[in-house]
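Look at the two complexes coming up: subunit A is in both, with subunit B in one and subunit C in the other.
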Partner chain A sequence: MEEDISNKYSILIAPMVFIMLTVIGWPLIRTILMSFTNEGLMNLDPVKIVGIENYTNAFQNKDFLSSLKISGIFAFAVVTSEMILGTTVGLLVNQPFKGQKIVRALLIVPWALPTVVNAMMWKLIYNPEYGALNSMLYQMNIIPNYVSWLSTPSKTLGAIIFADVWKNFSLVSMIVLASLQSIPGHQIEAAKIDGANAIQRFRYVTLPHILPSLQVALVLRIIEAVKVFDIIYIMTKGGPANKTRSGTIFIYQEAFTNSRLGSGATYAVLLVFFILIIIMIYMKLLKKKDN
Partner chain B sequence: MKKLFILLLLTITLVMPVFASGSNEKLADSNSDKKITLHFLGMAQAAYSEQNVNDMTADFMKENPNILVETEFVPYEELRNKTLLSYGSKTPYDVVLVDDIWFSEYNKKQLLNNISEKVPQNYKDGILEGGWNFVTKKGNIIGLPWFLDSMYLYYNKALLKKAGFNNPPTSLEELATMAKTMKEKGIIDSPIVLSLAQAEALMCVYSNILEAYGGNYLNAQGKYSLDTTGGLEALNYLLSLKEAGTLNKSSLEYLEEDVRRVFSNGDAAFAINWSYMYGLAKDPAESQINSDDVGIMVIPGAEGIKKSAAMSGSMGLGVISKTTNPDAALKYALYLCSKKVQDQYSNLQLPVWKDSYDDPKIQAGRKDLVLAAKEAFSIMNARPSDPNYQETSSIFQTYIQKALYGELSPEEALKDAVQKVNNIN
Partner chain C sequence: MNNKRIMQKILLYIAVIVLLIYIISPFLWLIIMSISSSTDLSTKPLNWLPKKIDLSSYKELLHMGKNTHGESFLFGLRNSFITAITTVFISLLVTFPAAWVFSRYPNKRNIILKIAIVTFMLPPVAYALPIYKTLSTIGWLDNSFALAFVYCTLVMPFCAWLTKENMDAIPFELEESAIIDGAGLFTRLFKIVLPLMMPAIGTVALLALLMSWDEYFYAMLFTNSNNAITLPVVIANLASGRQANYGLIATGGVIAAAPPVIIGLLLQKSLISGLTAGGVKG
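== the complex of A and B ==
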């Protein structure tokens, strides 16, 4: 009987597996194979297998390592900010107050915006001549002169991080909010009766409940943040002086601007491993904690 | 382990689609429909605008009812990549817009049809020599000149007058001095605005300054040698403007349209930009400065080296070698480049036809531009004709910016850039 059900499930899941293998499996295999060749975007010469040459070159390429560093900094800053801000906002909008439903609905807006629109919007906000941010900060006497947010190397990455956090923190908030709904009211009440203050209630009652959801959000956001492309490409294209060139932008330029698909594929494979390493470290930490 | 597998699958699902493209597929053999459909890839720009091109195309289709042309426009930064990527697909474009710096690369990749024998003689005789120069590779004509352009020095006559200057600068040094005076007198805080973002626009401005100093990208052996052949003087000049505070400090994130807006707002006394800005800066709907106050001239040379300088920023039309309708595609390209069409749409873009420059209708209201263009086209030089130009340019952009930001000295920046560029060439 159990075997019958299992067979039925296998049949039902087969189309999805087939589609995934076609859509993901083939490009993946093709990319890995390509990473061992000198294939160009429009090679007129026959493609040659170069073995691990692309990989050895990649590890010696300072520009690639620097772009990975930028991806790492971006991901760390963005994910940390989003987790803290998202959780805080999630807890706040869980409290009863007037207009709670409207605020909850508005919370979805930044996240629902396409990244391209968000990037264009922030590019306008940061505009050095007529951007709203300069105007606001200047009128509040916070800055003495208008600032070129996207062409000052020390500020550019921060400006992009801020724009990304603004868009994505609400995803974390919504996940936290959904998770908060599952906490039994009597547990909070019991903690209150036991004399636990707000911080203690959060630490010992709320956090353990929302932690699994936060972990999912964390993994998703790390993956998304490390492979950031669109927001940076639209706002700065990796400039000024490559100060915001992330790993994915580097890969895009290598493959499509420099027309070297083979080495571009190598960098893409390495980036996947980079993300996997981050996730494996995270999984190990979690496992340790569970034990 | 199971968890790890799911995570691996999830990661790959999210990351790989970024890269999963670029396979070379064969083109469908033929189009048996009676009605021919052509695909044109152009650029989203001010001149010729998308509306202009669509209007030209509509007129072409009226004259050729059996040809349907579908137009598509992308920003300049995407034009080359889109052309190359579409070439590998089943539906490449038939006619594409090509920047003069890409013709060598496209020729090496055999991307464009050789149309030497098919270009009518009146086109060969009537279009300016400079146009044929950049579309001819190894003796073969692989494109049609669509517009010839160069960057010019724009100046705000009213601001100059306010500072006590009756004439525009005659050299780059004088330009710097005038800007300094204007700043010191408090007339304008940042008198000069340039497009120095990490993009091809930076290379265009730099190339013009390089030309003004009589410099060259390459040495006599054809190797990149910008650090020893005048590149340093050009870079030092840009750096000196920045250090003197006369350069608009946002210039390092500006593209040409940003420069136009700043100049048209009256927030700069000098700007370097393409010819399209002339008409727009004089247009009251687009500009806040008085039409009569818009001055234009060929970029002045460096003192004692050159009188003036111009670097080509021209573009041409090419017929893709994979097109299944080469004759119809060429017909369309010839139509877009024809004298009749170019004269009709010459409002923002000067025609490529010699005779047009003597036409009073073309000169009307923009004699200064026509005179400047005549001079520029006679002295115009070109950026390197290099099949790896895109990567080369990208390296120079980065290092020039590093020098402008003070991260590297100009000497170090150019030395490192040249070394890197020579490694890939």
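== the complex of A and C ==
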């Protein structure tokens, strides 16, 4: 009986399922099918099935592997920095000080800025001739000559990471702050009476309380960071000398610049595969901790 | 003891000032650039404050003229609004009833929600290739409504998940007593649950709006003219062009950033709690 009532309502899910199948399910399947063909961007030549040829090529392609490495380095660097900086800032603005309300409100500005605007803003700041960064560092006598931040291979990825951290640490800090404010005051008082010092209070009262929120922030940031495209593409298009070409930019270039949808799809499938592995490892770690 | 207290206070204020400078100086500089003349912006080293306020970039971008920057910018602004609002409308329309079923009658089919969340984690490039092929075959490239439909890949799983998590907090007993009074499906959904969900749905809608406003990848691939090109693409084109009118680029950024920054400043609390509401449990 209960089951009957329940099934009656399945129709209400139908529109959502239909749209998801059209824009997510079916394209995903077609990407997988495409990855076994030599399909091009335009319908010039007839499409041929090439079997696993694209895959064997992909695994031998050093450029692809190094683009995955760049995605990995980028994701690791931004997520670690954002978590540390965001938590520190969350703790800082949780202290009482004059102007607290204004500072807390302004925290949202970096996060609210559209990604494209953020990328373009930092591109202007890093401009080698008229950028604010060079001008400031030069006037403060920190650098003797202007630096080409975005075209010196050793500096570019770091400059992009800095720009991404500036935008996204603020999300982490706001999530941490919201969670800090829900700690019951008496818990901290009780710890004080028990003679716990500041570090112990953080370790045994504050940290356990904010941990679930930190996990949410961590997941949100990892999901975004491993599929990074916009900020890098706008700031450098993957250059100089492909030193900032992430996995997604590599796939984009293969499919749309080189007009090879088939092998582009292969790389996309492999990237999805790697991301799924990361998600699964993360889930496993979470389960372990719960036990 | 007292000295230690004062030291701590001083350190606290130094840290707050450093934080404040870090947060606002890049965006403040963007605003200053947008009102500086091009001479101020191309001296070496820079003139940090403009000699006089120059609003010519704003005039140029907000003026409609054939083949001007203003033309593509204003079309981008219009298209961004159309695309974002259509996306949010479609997403809410289909996810609200679905979320209700997931929340009220959870059973095996809730796996659909789990799958939706996993797809949310995958890179758009995994769907983009066949979608491009299809849109180009049926002639739907460069179309705001087609783009909005594609944006559902990003927005819909997110809406379904957040709406369901928020709905779980509304007691089922309210509906049960209404059923006894003979309420039908429509009454339960729209007269009982919807009014109570309004604040949550408002937050979900705003977050979805910000996501669509922010989107660049699909828009860059699937649009190419004033018909459907969105603001992020217009700005990216401005920034990558050879022209060195930095004030103009900065102005485009300031205008594009204004709606989300204002929404953020006004509604920070509900946006952040909306974003984490579902996550803490799931």
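Convention: the second predicted complex is superposed on the first by the 277 of 291 C-alpha atoms of A that agree within 3 Å, B and C clash if a C-alpha of one lies under 4 Å from a C-alpha of the other, contacts with A are read in each partner's own complex, and residues count from 1 in each chain.
Note that in this section a residue touches a chain if its C-beta (ideal position, glycine included) is under 8 Å from a C-beta of that chain, and two chains touch if they have at least 3 such contacts.
Source: prediction; values computed, not measured.
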Partner chain(s) touched by A:Ile275 [first = subunit B, second = subunit C, both, neither]: both
If touched residues of subunit A are counted for subunit B and for subunit C, the larger one: C
Partner chain in contact with A:Pro27 - subunit B first, subunit C second, else both or neither: both
Touching partner for A:Gly264 - first (subunit B), second (subunit C), both, neither: both
Which of subunit B and subunit C A:Gln253 touches, first, second, both or neither: first
First (subunit B), second (subunit C), both or neither touched by A:Met283: first
Which superposed partner A:Thr80 touches (first subunit B, second subunit C, both, neither): neither
First, second, both or neither for A:Gln200, with subunit B first and subunit C second: neither
Subunit B versus subunit C as contact partner of A:Thr56, first or second or both or neither: neither
Contacts of A:Val216 with subunit B and subunit C, given as first, second, both or neither: second
Set of subunit A residues, in rising order, touched by both subunit B and subunit C: 20, 24, 27-28, 30-31, 129, 219, 223, 227, 229, 237, 248, 251-252, 255-256, 261, 264-265, 268, 271-272, 275-276, 279
In the complex with subunit B, residue positions of subunit A that touch it: 20, 24, 27-28, 30-31, 41-42, 44, 128-129, 148, 150-151, 153, 219, 223-224, 227, 229, 236-242, 248, 251-253, 255-259, 261, 264-265, 268, 271-272, 275-276, 279-280, 283
Interfacial residue positions of subunit C with respect to subunit A in the complex: 12-13, 15-16, 19-20, 22-24, 26-27, 29-30, 33, 41-46, 90, 93-95, 97-98, 100-102, 104-105, 107, 109, 112, 116, 118-134, 149-150, 152-153, 156-157, 160, 185, 210, 213-214, 216-217, 221, 231-232, 235-236, 238-240, 246, 249-250, 252-253, 256-257, 260-261, 263-265, 268-269, 271-273, 275-276, 279-280
Parts of subunit B lying in touch with subunit A, wherever the complex brings them together: 3-4, 7-20, 22-24, 77, 81, 84-85, 87-88, 109-111, 197-199, 249-253, 261-262, 265, 267, 388, 390-391, 394, 397-398, 401-402, 405, 407, 424
Interface residues, subunit A side, partner subunit C - complex: 3, 5-6, 9-10, 12-13, 15-17, 19-20, 22-24, 26-28, 30-31, 34, 39, 89, 92-93, 95, 97, 99, 103-117, 119-125, 127, 129-130, 132, 135, 138-139, 166, 170, 174-175, 178-179, 212-213, 215-217, 219-220, 223, 226-227, 229-230, 234, 237, 247-248, 251-252, 255-256, 261, 264-265, 268-269, 271-272, 275-276, 279
